[in-house]
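Next come two complexes, and both contain chain A; in the first it sits with chain B, in the second with chain C.
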Partner chain A sequence: MKIGIPKALIYWKRPYFWESFFENLGFDVLLSPKTNKEIVEMGVKASDPETCFSVKVFFGHLLWLEGKCDFIFVPRLKTNKEKLEYCPKFFGLPDLAKIAVKTKILTETFDEIKENRLKALERLGKKLNKNKREIQRATEISEKREKEREEEINKNFFEKINSNKPKIVLISHPYNLQDEYVNLRLEEKLKELGAEAIFIDEVPISANRFTPLDKLSNGASQHKSAPSINFHWEFGKEIMEKIDSLFLTSGEKNFRLSGAIEISAFACGCDSVLKEFVEKKFKENKIPFLYLIIDEHTGEAGFQTRLEAFLDTLGS
Partner chain B sequence: MEVKPIITFPRWGNYTIAFKTLFEKLGLEVIPPGEINSQTILEGAKLSPEMFCFPLKTTLGSYIPALKKGANTILMVENIGGSCRQRYYGTIQSKVLKEGGWEINVVNFRATPRGIYSDLKKISGASFLEIFRAGRFFYKKLRLIEKIEKQAQYLRPRELEKGATDKALDWALLEIERVNEEKNFSRSKKEISRKFSEIKIKNAKNLPKVGLIGEIYTVCDPVINFGLERKLGKEGIEIHRQMDITYHLKKSIFPWQERLLQRKISPYLKSTVGGHGRDAIYEMLNYVKQGFDGVIQILPAMCMPEVTIRPILEKIHQKSGIPFLSLSIDEQVAEAGIDTRIEAFVDVIKNHHKNI
Partner chain C sequence: MKTYLGIDVGSISYKFVLIDEKNEVLFWLYKRTEGNPIGAIQQGLRELRKFIKNHNTEIKIDGVASTGSARYLAGVVSGADLIKNEITTHARAVSSFIPDAKTVIEIGGQDSKIIILENKVAVDFAMNLICSAGTGAFLDAQAYRLGVPVEKFGELALSSKTPTVIGSRCSVFAESDMIHKQQIGHKIEDIVAGLCQGLARNYLSGVGKGKRIKPPIIFLGGVSENLGMRRAFEKALDQKIVVPFYNTVMGALGAALLIKEISPAQTKFRGFEVSEKDIRCASFQCRGCPNQCEVIEARIDGKIIARWGDRCAKWSNLNPA
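Moving on to the complex of A and B:
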């Protein structure tokens, strides 16, 4: 049996976990390819015109998989381990997917306010005729792989902050940052312009989560005065924490952050809230901030010009 | 020294009157919010984050006339319906107003009866009895407003003298605003119902019927949705709308209603999507069942819950053949454009009605 996984949106919330999970259960896994023009066009045609660009891309991947596998896996992500909510657009995805494609949709609800993640995974296993033992084993292996990847990313991060190039932090959701087509090869472009791109999701958070407050205020002097907002969205809280953590590391390791770029998919409702606070944080720390909105019409040339202009302002 | 709070609050259609009474009865000094018109919308949109949804901009704009008159505290309700952006209205509005140079204080209400009670107590310092009385008077006014709105929906397509219903409705709203003692209320109520019963109507049993669904703020505010109910009423179409404040409050008092609703819509959607997304599906299914001649969804442009469920509504529309129109509203939408779409849709409805 072949299970298709659209490589967009929710996939990037836990990349590599799902493919490893299903492979360890003995299924064939078909990942949709990297986003390309054709996929985006399909998605734009199939989805609601007012929905966000990220969802449109997701539908493109979904349609690419249609007919190529027995099931398409679209989990319903509601809350995460810290009992924080995902974007409300994720809640309805499996139902919308059922309308969009004829291939059967395999889904399971992950709501960790109500139950442990493992329970949901076991229920998913039941649908696939797998017993609890098999599920546990597959989960463990996949989580181990995830952890290895995380460590590698961490190592990567410390290498990056030790480089001599101007360092620019990219802030966005993983599905915008990890997808080269969606962010118009931003990382590559920055590299060509001689800058080092740090992804916000690479910033380690665990090390200083328990740092006492007085130490925090030494590290990044002003950020205490920033307006406090308590996000009920997991990405909101995570991004804000990671920005704090980044300021802190920049104090400890003595490296200078040259600039910050936030990318939003057009019509992303969550980002309209998030941007206000992210921008404020960087402004208070006197770090130049660029806000870019991407959608299916974004031209690469215009993007390039804005990036070049931004990097020029950093130099002076 | 602490500044005495002078209250203002977001304008919300005809319900504004009831809210004004509530806060006044609690002994607070109230300056009601300004009218929503192109000027206030423009001012609100200028202050707000560009990508934010429309109600944030209009409510923000409606504070400004009141702030100019000296209001310093804004009461904003938080979290109507759940997971969507509405939760951050208070925070964002407070932030942008402060950045715009206003010295204000924004109080966030939770939209449940208990949350409203405890927050009211904190801000006004009123006793339980005072809050109870103010709440009772508020609810009476609110119910009456909702009732006459519903009556008007029924009367408009049937009235013999064009515009008689709206005249009575406008008069009634002024009357409700004028009454400031609870003991005089029942007299006004009688007067209003007399006024409505005086409207001469034709005997029309079989009129085309249209259901209004969508986001609670845009559906309920006749200024925001360009007087959609009036326009359709004039065309001889009977309007039904389930969404109002009482509906919302009832849902938060009786949690099992959510479960019943979920069971009804399960074939289409198996989860909440924030806001009143599920309710829209539920209402549309009901209208289909009752043999309505059309459904209109009204939403602020890019509203997350409503946009998420729109493909599902379209699916229902395809399956049942009920005419369906979705109107997204934001500061760039012109009334003329909406009018054209409504006119075309009215023809569709009338055709559909004839063919059944």
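Moving on to the complex of A and C:
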């Protein structure tokens, strides 16, 4: 049996976990390819015009998988381990997916306010005729794989901060950052302009994360700490924590961050909340900040102009 | 005599500025592109050649820089030594002519920008994001619709005593609101003045959002010619607005200054002959992968001189070095 996974949106919340999970249960996994123009066009045509660009891209991937596998996996992500809510647009994805494609949708609700994640995974396994032991094993292997990947990414991060080029941190949700079609090859463009791009998801959450920043006695706490708000949203907390961690590391390892670029998908409700915090944080720490919006009409030319100008302002 | 040329090709207009080694402007022009950027560049070069012939045959061009939204095209056609974005070129010109400037408001044909300067250096900027409401192209269209020459638009706005409130969040709605206000009997000058105020408000809440707008405030770009817009900004900001000489050609001037600083040993300028050549651009869709990039190909007298627009550089790599 073949299970299709759209390589978009929620996939990037835990990349590699799901492929490994299903493969270890003995299924064939079909991932949709990297986002391309065809996929985007399909998605834009099929989606509600008012929804965000990232959801449109997701539907393109979903449609690409239609008819190519027995099931398409679309989990319903509601809350995470820390009991923080995912974007409301994620809640409705499996329902909308059922209308959009003829291929059967495999889904399960992950709501960790109500129950442990493993419980939901077991229920998902039941649908696939797999017992608890098999599910546990597949979960363990996949989580281990996830961890290995995380370590690799962290290593990558420490290499990047040692480079001599101006370092620019890119802030967005993983599904925008990891998808080079969606972010208009931002990393490559920055490289061409002579800068090093650090993805916010590469930043390891500091070991000191539970120490309030102002209580740290070393020089690392010189930066202004985040406005202490209790985040309701999963994405906001993670991004803000990583930004804090980045400032901490820059103090500890003595590297200079030259600038920050936040990318937002057009019509993203979450970002209308998050942007205010992110921008404030960088401005308070006197780090140049650029905000870019992407959508299906975004011209690369306008993007390029802004990036070039941004780097010129840093160089001076 | 050593000189440096800046070419700024935008969506609505094109500008040429020629400076000498002392940053003196020898020649400048501001004209409409009229939907033909290549023709515009050629026309500009013809006029410059005429100027040189009539005024100073000693002039030799030692460097060319292009800027504006058509800077790549302009760079390829003219053989520019430097292709620079319009934010950097504007900042460069302002800091050289008005050293104490702190804020630059620039509104062109389709873009509007704000640049924040500290000690002659651009430290922050913003451009209109995905909406171009309130830029020159919109004012142009409205002037045409009202039967007012765009050059008279500002004067008309100044004659209003009670500007009408026009909703200007979006140019589509602004237009329908203007039509509605006409239909219920508002005077045309009040509508025009109201539109200017609305556009200034829209600019400040969109492009200027979160920026500390400190004086001296410099207003540039085609729209800065509009007296109504100047007054609207002065009112909205409660500050004096400075519109310097060369307000419409600052980008080209900045480009010329930048290339003068670099002063290339040997310019790549194609020479004035290029204005008489057959220059064509054509586009095709690459079928090499699902990205289906639109590739642009530029030819001078049938010979391919450049290609761009492909994501993977498969076509642009064929460029002759």
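Heads up, the rule we're going with is that the second predicted complex is superposed on the first by the 297 of 316 C-alpha atoms of A that agree within 3 Å, B and C clash if a C-alpha of one lies under 4 Å from a C-alpha of the other, contacts with A are read in each partner's own complex, and residues count from 1 in each chain.
Operating definition for what follows: a residue touches a chain if its C-beta (ideal position, glycine included) is under 8 Å from a C-beta of that chain, and two chains touch if they have at least 3 such contacts.
Not measured: the values here are computed from a predicted model.
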Partner chain in contact with A:E50 - chain B first, chain C second, else both or neither: first
Should A:P288 be classified as contacting the first partner (chain B), the second (chain C), both, or neither? second
So in the superposed three-chain picture, is A:S272 touching just chain B, just chain C, both, or none of them (first/second/both/neither)? first
For A:E151, is the partner it touches chain B (first), chain C (second), both, or none of the two (neither)? neither
So, does A:P94 touch the first partner chain B, the second partner chain C, both, or neither? first
State whether A:D312 touches chain B only (first), chain C only (second), both chains, or neither. second
Have a look at where A:E85 lands relative to chain B and chain C in the superposition and call it first, second, both or neither. first
Figure out whether A:E38 sits in contact with chain B (first) or chain C (second), or with both, or with neither. second
Do any residues of chain A touch both chain B and chain C, and if so, which are they? 293
Which residues, counting only chain A, touch chain C once they are in their complex? 33, 36-39, 181, 185, 266, 279, 288, 291-293, 295, 297-298, 301-302, 304-306, 308-310, 312-313, 316
In their shared complex, at which residues does chain A touch chain B? 47-48, 50-51, 76, 78, 85, 87-89, 91-92, 94-96, 99-100, 109, 227, 229, 232, 264, 267-273, 275-276, 280, 293
List the residues on chain B that touch chain A in their complex, please. 49-53, 82-85, 87-88, 91-92, 95-96, 268-275, 277, 301-305, 307-312, 315, 328
In their shared complex, at which residues does chain C touch chain A? 69, 84-88, 91, 121-127, 129-130, 210, 289-292, 311
